[in-house]
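Before anything else, here is the set of structures, which you'll find just below.
Look at the two complexes coming up: chain A is in both, with chain B in one and chain C in the other.
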Partner chain A sequence: MVMTLLRQMWNRRRQNGWIFLELIAVGIFLWVVLDPLCVQIANKNIDRGYEQDGLYLLNMDKYGKRSARYSREYDTDSIGLENYHDIIRVICNLPEVGSFVVNESSTFANSGSFYGGNLYGDSALTKDVDIQCYWFYPVGGSDMLKTYRFRDANTGEIMGLSPDFRSKNIVYVSESVARRLYGRTDVAGEKCWLGNRNCNEIGGVFRDFKDRDYNQPYPMMVAKMGSTIRGSKTMHWRYSIVFRVKDGVDADGFEHRFNEEVKPALVRGNYYCTGISRLGEYARNMAEMTGDLNVVRKNTIFAMFGLCCVFLGMVGTFWVQVNARRQEIGVMRSLGASKYRIMAQFIMEALILVTVTSVIAIAVMGYYVHAEGFFAKGGMQSGEMPDMQYWQNNPLPHFMIISLVMYLSLLVISIIGTCIPVGRAIRELPADALREE
Partner chain B sequence: MNKIRLYLRQSWNMIRQDKLFSGIYIAGTGLAIALTMTLFIILFVKFAPVYPEYNRDRMVVTSGVKRESKDTANRNFWIYKSSYRLVEMIRELPSVDAVTGIVLSWDNLKVDVSAGYGSIKATRLFTDADYWRVYDFMFVDGRPYTDADVMSETKVAVVSQSFANMLFLTEDAAGRTFSLSGDEYRVAGVVKDVAASLSKNTAGDVWIPHTLSEDYVSANEGNSLLGNYEVAVTAKSEDETDKVKSEIKEMIHRINAQDKEYNTVILGPDRYWENTFRMSEHLAIDEGMKVYVFVLIAVLVIPALNMGGMISSKMERRRPELGIRKTYGASRGQLLVQILWENMLLTLLGGVVGVILSYVIVLSANEWIVNLLDVSLIVKQDLLSGNLSLEMLFNWPVFALTLVTCLVLNLISSMIPAVMSLRHTIINSLKSKQ
Partner chain C sequence: MEKIIKLNGINKVYRTNEIETQALENVNLEVGKGEFVSIMGPSGCGKSTLLNIIGLLDAPSSGKIEINGDEIGTHMSDRALARFRNQTLGFVFQSFHLIPSLNVMDNVQLPLVYRGVSHRESVERARIVLERVGLSHRMRHIPSQLSGGQCQRVAIARAIIGNPEIILTDEPTGNLDSKMGAEVMDILHELNRNDGRTIVMVTHNEEQARQTDRIVRFFDGRQVC
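After this line comes the complex of A and B, so read on.
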């Protein structure tokens, strides 16, 4: 049957030539736009490694020297420090707040900054790992693990700081770091070296953590800063306060109360609160500014455009062909062919058309990708060792998946585009179809 | 003229006879025109002289400053925006008409503003007095702040119409006061609203003297060219724009010759349109252009193939008719013109559908559509006045370009099938029905 169909299609090559060219063009176009789109969506769907809901960032500012509210008297490091401690106390004593963390200069999720380092295992045989560091200050009850709800890579439980965290040099590492340094994740108690200088004990291993929503998890370490917070002129951006409200707290109600009651009163010396941001909202703004959301929007629009064109092209082409072959359909129906048999023949034609054109488009893209690389860029993979558990980091599965998505999208749209005109034509009675004959 | 009317009438009758074919053809054309027009609107907002950036044709902008050590063994570098010192140095160049420095303080762009009637969140820009010369704002009340206001650090502000209406319930707000981050400001002038889709340098709700910014460092206090200022320069005329660029480069060259430790590189300076294609500080202009060209080709070629196929099938069906016309003496040229005119009606109908669809797309995605092809957004604007102005949406250049696109699409999609169909001999054409 396939050979007969191929012969028939070859005989109608002039009529099929245009849709053939269009399918190749759309196939290549779709491949180009689907590659970054699929990778962005795949990255977005990787578990963040923390619970974003309920997390807030405290926005602080400082009256500058040119402000009427500026006070030179309060602009000393010691008074600034006292005031900042007071602000931290106000936040952690709010009845709705369950936990909080004071981070070092923008080392919190979606901050837009990157604090890197190298972590070495306790053996000359292991290679060092490029890591992203989240530093925090253990002032008051500041606890990064509890606030973000990091989960233990081995047990899945929400983690908290070890009791001896303050007295020892303890760091927490992500499971990808543990695997790369030791080949396993049960490495609590092992030694590691940060920058080949400071010896640390691994306090626990947490599930891989995404700094940004559209990135892949980067090998990560969470540790306390060696010193406590210090008074300076720029404490409002040096020390970022992130807190989590207790489970069951109504977010809108809390934000309203904060803005009406807490914010106006949260002025200490030259420091003042400008509000709070949900970390989810902050993450969305970051995705907007980095262009990650734009990639999703732009490529979705273009993919839809390509598929709409194919749909219209298939409907148009098959409508014309079905009209031209009304007598043929009439004869087939008279000889006992069912509607489904005729429909299947046309669908098979569409399938052959899409398959042949997709093979050509995929071959062209394979050549291009081999020479120039993929269209999806970034994703914050570790440059030296991308995590191979994600398909988007493996060239062959990456190419195969994008090609498959492209092929299936074209196939589904083409079959729908074929069924509409063919469905209308085969509803006609054989006698009506053969009248012209 | 009568012939054209006849062709169009014939085409109209064919549209009515073959509704599905016509519907698909119009939808396909509409889709292509909608995306093309959306692209033209994006390009218009980004390139054309629109309020208040009427001087774009003679404008030069910088993307930042890079400072790198000359020691090749230990190469350190820093990339920031410019310092105000660079603005002051550019001001001295002979071909420069005006230059301004703008501080966006992107991490704290939205500020709390309050007056007797309540409080709002507004987008604040710090500028100097020359800002009002580089950009052509329309004042509905009051006047801009002066150089004397700027230098004396007077707490004055220019606000947008929407800002004045929201805060003071009137546009005649010059002389009124409001509180911004705890400080009392007097309104010096009220300007016509700016659309948020414009460049980050002009999209704002409230403008205040840059000397009130904590980022301001006077020329006496520091001599680094790295800072937090965006720099926009206008040349005396469009012809002198390239001269301004070379004068800035020469100036930097002289600075580098004197500095033994560091090299300073100005990122740019670019003409305004060049800077629009510079999608990030590190990417070359042609990287940005490639994206636009790829999109334009795709939205024209794919639908053209689509419609070409349909016209080809239609031509097959009309071969006997064309054979009869040839028998009675019609030349190939005459028949080709007839087909193109008939097709033009369908394309124009598709064009109307496309224009309507493009407005639906642009208005429903007005928050991000203008930045759709950008690699990243330096600042996400969200003004009180909205994202797009009427001037951006309804303008002759965009309509003219769309009309040209319709014509091109018509030519591409119908010319090849028509020529192929007209190559048949009369006998062949007349026999094709059998």
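After this line comes the complex of A and C, so read on.
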């Protein structure tokens, strides 16, 4: 049966030639377009390692010297410090706020900045690890781990700072850091060295954490900065206040109340609050700014365009073929082929076409990817070793998955594009189909 | 004689936007088992329509068709109709209607393929029927490489490979010269005489018609004798 069909298609090669070439071209196009799209989606779907919902960033500003509200008298480091402590107190005393943290400038998720470092293990045998650092100030009552809801890599529980974190040099590292430095994740109590200067004790290991939604987790460390905040003239950008509202607090209601009641009154000295932003909004802006979202948008549109071409091509080809083969369909029915059987034969033809052309397109892409180094850097930052637990970092599974997605999407679209004209043609009475035009 | 085909009060009306054509009007026809019947009449009198209705390729506007004692018609499922065409009927058309992209062997096997017969067996039987119509040396050719007479012999081979009881043929020699036509008629007569097949043939050729058991004449959709 399949052999007969193959022979028949070979005899019809002139009629099938165009769609054959189109399918190969679109197959290659689709592969190229789907590749970054699938990687982006896969990266996006990796767990963030924290809970974004309920997290807010406090936006602060300072009256400039030309502002009518500026006061020279208040613009000292000591008064500024007092003002800032006051502002922090107001925030953490809001009934809706559950926990908060004061981060060093731009060391919070999606901040758009990168504070890097090198972490060394206690053994001379292991290589150091490039890490990203989140620094927090140990302001009374604040807890970065609890605010973000970092999860313990070993137990899965939400973490909190160790009780003795003030007196010791304690740092928290992500599981990929622990694995690289010690080969395991239960390393609380081990020693590590930051930039080969300070000796630190590991207070806990958290699950891999994504600084940005469309990036893969980067090896990360969370540590305290100094002993408390210090007064300066630029505290509004020096200190990023991130807080989490309690579970069950209605976001819209809280934001409304904050803007109506809290914000207007949150002016201390020359510092004033300009509002709050959801951290999710920040993440979205970041994805917008880095172009990650545009890759998703652009490639989705390209992929749909490619699939549209295939759809129209298949409908067109089979429409023309089916009209030209009307009599053939009539003959098949006169010889005892049921409608279902005829439909199955045409679907089989589409399937063979798509399979053969996909194999060719995938072979072309395989050659190309191999020539390019057979490796995709999908969503990693420079200098970083890929984490092999993600398929998108493994050459072979990566290639197979993209090829499979390409093949399946071509197949589905082609079959739909075949069923429409064939379905129309087999509704006809055989006598009408057989009549000479 | 046992009746294999019974038509009872068949009417067929074609409706187009402007006109209504009564292609068949109250046709009552019976064909006996093993009979060779020719249908004659001027062009447009409804011969092809009648043959298509007997062959379940077209549906009558009203009336009853019985084949082998079973009432046949649109009340049957597509699958049942297909099975019926496959097992009981064989068609030979004026313009051959071979599938152009299939070679002779594949064309002839189609009815058995639709019946689900094994590949080995259908190849075997295709060889036998092609031998019978004298074309065993042309099995790998495609229809466009054959003459009209050869095409029609392939069509006959295809019609008989499934051993149908009834062969329906619409002007089988209409597109052939007289020598090729005679060859085709010889094969049909042989099938009727030796295999006992029932044949209903539409023809314009008086001489061919006279060689058959019975002539049914039509005029303007009505049976005149």
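In the analysis below, the second predicted complex is superposed on the first by the 425 of 437 C-alpha atoms of A that agree within 3 Å, B and C clash if a C-alpha of one lies under 4 Å from a C-alpha of the other, contacts with A are read in each partner's own complex, and residues count from 1 in each chain.
Keep this in mind: a residue touches a chain if its C-beta (ideal position, glycine included) is under 8 Å from a C-beta of that chain, and two chains touch if they have at least 3 such contacts.
Computed from a prediction, not measured in an experiment: that's the story for all the values here.
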First (chain B), second (chain C), both or neither touched by A:60: neither
Touched partner set for A:339, first chain B, second chain C, both or neither: second
Chain B versus chain C as contact partner of A:350, first or second or both or neither: neither
Partner contacting more residues of chain A (chain B vs chain C): B
Which of chain B and chain C A:290 touches, first, second, both or neither: first
Contacts of A:319 with chain B and chain C, given as first, second, both or neither: first
Chain B versus chain C as contact partner of A:8, first or second or both or neither: second
First, second, both or neither for A:331, with chain B first and chain C second: second
Partner chain in contact with A:305 - chain B first, chain C second, else both or neither: first
Shared contact residues on chain A - chain B and chain C: none
Chain B - residues contacting chain A, complex: 20-21, 24-25, 27-28, 31, 35, 107-108, 111-112, 153, 155, 181-184, 211-214, 294-295, 298-299, 301-303, 305-306, 308-310, 312-314, 316-317, 365, 368, 371-380, 417
List of chain A residues in touch with chain C within their complex: 1, 4, 7-9, 11-12, 327-328, 330-341, 429-432, 434, 436
Residue numbers on chain A that touch chain B, as the complex places them: 14-15, 17-19, 21-22, 25-26, 29, 32, 61, 63-69, 237, 272, 274, 285, 288-291, 293-294, 297-298, 301-302, 305-306, 308-309, 312-313, 315-317, 319-321, 324, 421
In the complex with chain A, residue positions of chain C that touch it: 49, 52, 55, 57-59, 78-79, 82-87, 91, 93, 95, 97-103, 106, 109-111, 113-115, 119, 142, 158, 162
